[in-house]
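Presented sequentially are two complexes of chain A, the first with chain B as partner and the second with chain C.
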Partner chain A sequence: MSSGQRFGTLGLLYVILTCGIWMLLLIVAPAAMMMDFAFRPFLPPTEWGSAADVYTLRNFGTALGDEFNRAIFLKTVWASVVTTGIAFVVCYPISYILARAGRSSWVGIAMIALLVPFWINEVLRSFAWQLLLAHDGFFNQVLVGLRLVSQPVDFFSRNVGVLIGLVYTYILFMIFPMYSAMENLDQNQIEAARDLGAPWWRIHWDVVIPHAKSGLASGCIVTFMLAAGSYAVPQMLGGTRSLWFTQLIYNQFEAINWNMGAAYAMCLVVLCVAFILVMMSLFRVRLRDIAR
Partner chain B sequence: MTNALAVRDVSVSIPKGEFFSFLGPSGCGKTTILRMISGFIAPTCGQIRLDGKDLAGVGPHKRATALIFQNLALFPLMSVADNIAYGLRVRGAPAVARRRKADELLDLIALSGYGDKRIDELSGGQKQRVAIARALAVEPAVLLLDEPLSSLDLKLRQHMRAELRSLQKQTGVTFVYITHDQGEALAMSDRIAVMSNGEIEQIGTSTEIYNHPATPFVATFVGENNVFEGRVSGMENGMAVLDSEFGPLRARNPKGIAKGMPALLFVRPERVRIAGAVPVGAVNIIEAEVADSVFEGVSLHILLHRNDSSPLRVSMSNDGEMPIPVRGATLRVVFAPDDAVMLPKGSTA
Partner chain C sequence: MSVDGLSRHSELRAASVSLGAHSVRADGILRLVTGVYLVLLFAYLLLPLIYMIAAAFNMSRFPMLTPWRGFTLQWFAEAWKEARLWHALGRSVLIGGCVVVVSIVLGLGGALLFTRFRPPARSLLYSVLVSPILMPGIVIGLSTAIFWDRTLQLPGFWGLAVLGQSTFISAYCMLIFMARLQRFDVELEEAALDLGASPLQVFRTVTLPYLRPAMYSAAALAFMQSFDNFNTTLFTIGNDETLTIYIAAKLKQGVTPAVNALACAMVATTIVGGVAYELARRREAARVARRVRAVDA
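And then the complex of A and B:
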């Protein structure tokens, strides 16, 4: 039965209208405007439409050609990749154990325990990390107290604070797709592989990962995109020497240079799309597998 | 998890190359036994030995046993050949050797040329055979089968019985088969252990189990049986006499139940015959009203009315001459004391 028959023409119309308005007004139109901005030079309003107002790649030249900008762009890329990697390594065992535990009551408790911190605003959580990682914060007091370091560590200047903050902030977006993909794996598949002589790592490589690949891919994609596009975490947990690309975008818009800001933002969008394509070919999944 | 024992006091010795079945209702502990043999759970006490060597502490991936799961658990993302050769792959066998073994086993299960197919392209019976081939590929000393036929339809199930049996004879691998289906167990097994509540009730060949049940549970769980309850009133010509609702009934007394003790008398429906004229000195004659007649083509089942229990079943093969008794008619039936067995009163299935 098609959805048109079940909910009537009115229901179908509702879906088309709401989704259509959302798509056109809030996604397609702003994106088109961004594109338009990004390829035009920054001009005072009096010169809009004049001979100088032509499409050009100059903004992109500045966005990535400038050494300072490029360094920050690349830093954002690898730091987001590292964030995704750490989140993957941390979340995989958690998701697997939770998924395998079946309907035990502690799974529900663990899920709630994972969720509760996320009821608190991202800015507040980042602020909490700021306090924990501060010069005389909890971690430094412990490290110095145990004489593991002689001087308090400056977590903020070396991206460590940003990485910790990003991993913590986006860990759920990694766990839940992983968990739901692993959860419906038949326990007998794992036991069959084991019975046939597979060591534990082979079971993961041959049975669990192929089964859960769409969940793993979407977890990685979402985590990467959120990390690369994060603003609050680098703003609060990064020092002056660990700028994030989003902060550059913000600075451009704040300086009223929307054209340059749009070009910067486009670079980030292209990066994310490229990452999605890389993950899809890495996990050999199609777009519709991830959408599930 | 509760601390109830799933299995206790199970002691079985299975010779090499035997087709051995554990037969029992669900929850009787047979799956627990299989999982203990395969190494997925450890017995709390006792030993499991293979070729004389204790398997304690040996993980399932290191045991020379291969398990066939109830739902088969084939790997859906691998081809048929990759499924079959998986055990060899984890052992590090080269691709050529894996392919050769897969082809060889595909020949054995009559699926030559199916190696590159996907699992979901196979029929139920074909999947069944691939699961067996996958287990045989690692050349196990013992193949463990956990009700692998239960998901198939009746016709295929009967076909697979014969196929499993011939595969077992062909390969010479010891089969340990778990089932709640007595037809399967009787048709395929060299020997059967009938289980109830975590304990073995009887171990024997199909004919021993069927013709000479050792306990009331076995008598009622395996095949159909008519039960008569009463006390032993005496002995006569080596037969025990039961004081039943139909008067004295005579049967073998292998357990030597003493006079005055409560007992159950069992007689198979196919051993009860319709008596014409009553011969002189005949015993075990029952007269009752026909409650129903069920004609099944090959056989005819007549149900005779009994007051306080399920009807008395009489089964006979269709000889084409026997008129089908009408409901309400009175019928006289008889069975030989040798065809009936008396057992101490105990739990029935």
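And then the complex of A and C:
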């Protein structure tokens, strides 16, 4: 406590006030109220607090028991895992190359090229891919022009568009944690492993990955969370018939059925927490190592 | 490198010759694979943007490059004339400015809590304060909308968007401040106290100047995050719109290259902003270096 006293009463007051407002008013109370909503039936305002307003699991029954909703939920889980896997494979080499290159002059240029897509929002990023992947878009013009396909490919119907768009939109959230975890790896460890005759995959498996595991874990967690929670990308690149779980949440929100929307949102939260726990035990890291 | 290492051991020298020959070929293949990978990766990253921006200059009514109907700036003029766009931009800037202030105030509070005090249930508190970063923005938006509507009957408006966005952007700011405060020499503060400064004076003259670079980064990050935010804003903005929401609504109605022109303007603005930020950072670093030299002399 003595270190805290350096700030005097005013400092203590500031810390208590800011942390209190942030934690209670912005995080805990809204989350608690959303949870409360999720377990109550959707009723007109006149019946709030009446005999009908009791805790029930019915909303969750609809959210996951209904075949249509469950299919969408499972597809969202599956596609988000695939997105995370693809992003991992795509980002690992570039993170490693950048981390090993140190302070070469081209690293700065490469960093800028990586950052440029992130200077515009995800809506425009999805729009850019829409232009490339559309029925008469750039890719189909090239493919048909080169006679590689006889008819334009429908990229949107089989989740191809969504996967390309999701990886594209959240790629930096995978690269940066990976890169910063690999950057402080002592180069001599890699040289030593190589001198001792380790093949390249053993160097990665036994030296690089164990060292960078917290960065790898946090990259996977954030990418999965952003993919599963994405709204703009599936809406714009998912075609008309394939819905994403977030779209169900927003539809309920628009329809004023906030109880059902809250139940859907709770399912998404539980999914993300489960993924975080799986990643933490897979990479054997703690929350403190991930959120830095 | 493997050749160097092995040749230090004379008994392995013979082996190293054959290994060396092998690894030269392997190096060549590796270099080729790496080159192809880098070209493909950067094409993947940049091609969509280049195509989108280039299409803004095509006279065609559709946002495509082909068929090319001639160079034009008419789509920029069309985007410029939209009153709705200017209103949305104004909202984005207003919300962004408020989020910067709120997030820096709250984030600094959190960072001081964990670096300067020994709070009870420290890891629980920490988990709660960073949890908004690990939750989908849509969930934060929905819970914010529900809470303020039911407690204060506040419907969605720009102020609610500030609250919703600050919930998780404050956590980013907190992490930035914590990273800097952990490297801070607390004896500096103790020295100032011993010399008779009040706690407030210590904070103003010792701690705050040390935090200034972190303040700039936190402000820039907070503004960018707020400006680009879509998910949380969607649930909290009500009938109003920010620039991101406006673009999404526009794209739903059917597109003209005016959207591409807007995207082009946004990329150009951020490049100018990024360069200006980098120059300011360098000037600040040079100023600090000069001052350090002056003190040393």
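As a working rule, the second predicted complex is superposed on the first by the 278 of 292 C-alpha atoms of A that agree within 3 Å, B and C clash if a C-alpha of one lies under 4 Å from a C-alpha of the other, contacts with A are read in each partner's own complex, and residues count from 1 in each chain.
As a working rule, contacts are C-beta pairs under 8 Å (C-beta built on N, C-alpha and C of every residue); 3 or more make two chains touch, one makes a residue touch a chain.
Please read all numbers here as calculations on a predicted model, not as lab measurements.
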item	value
Which superposed partner A:Ala193 touches (first chain B, second chain C, both, neither)	first
Which of chain B and chain C A:Met33 touches, first, second, both or neither	second
Partner chain(s) touched by A:Leu282 [first = chain B, second = chain C, both, neither]	neither
Which of chain B and chain C A:Arg202 touches, first, second, both or neither	first
Touched partner set for A:Leu57, first chain B, second chain C, both or neither	neither
First, second, both or neither for A:Pro210, with chain B first and chain C second	first
Which superposed partner A:Val15 touches (first chain B, second chain C, both, neither)	second
If touched residues of chain A are counted for chain B and for chain C, the larger one	C
Shared chain A contacts, counted only where both chain B and chain C touch the same residue	191, 194-197
Touch list for chain A against partner chain B, complex	186, 188-189, 191-199, 202, 206-207, 210-211
Complex contact set, residues of chain C against chain A	1-2, 4-6, 34, 37-38, 41-42, 44-49, 51-52, 55, 63-66, 105-106, 108-110, 112-113, 116-118, 123, 125-140, 142-147, 150-151, 163, 166-167, 170-171, 175, 179, 186, 189-190, 193, 198-200, 202-203, 227-231, 234-235, 244, 247-248, 251, 255, 259, 263, 266-267, 270-271, 274
Parts of chain B lying in touch with chain A, wherever the complex brings them together	38, 40, 59-62, 65-67, 69-71, 73-75, 77-78, 86-87, 90-91, 134-135, 138
Residues of chain A that touch chain C when the two form their complex	1, 3-4, 6-8, 10-12, 14-15, 17-19, 21-23, 26-31, 33-34, 37, 90, 93-94, 97, 110, 113-117, 119-125, 127-129, 131-132, 136-138, 141, 168, 171, 191, 194-197, 221-222, 225-226, 228-232, 236, 246, 249-250, 253, 258, 261-262, 265, 268-269, 272, 276, 287-288, 291-292
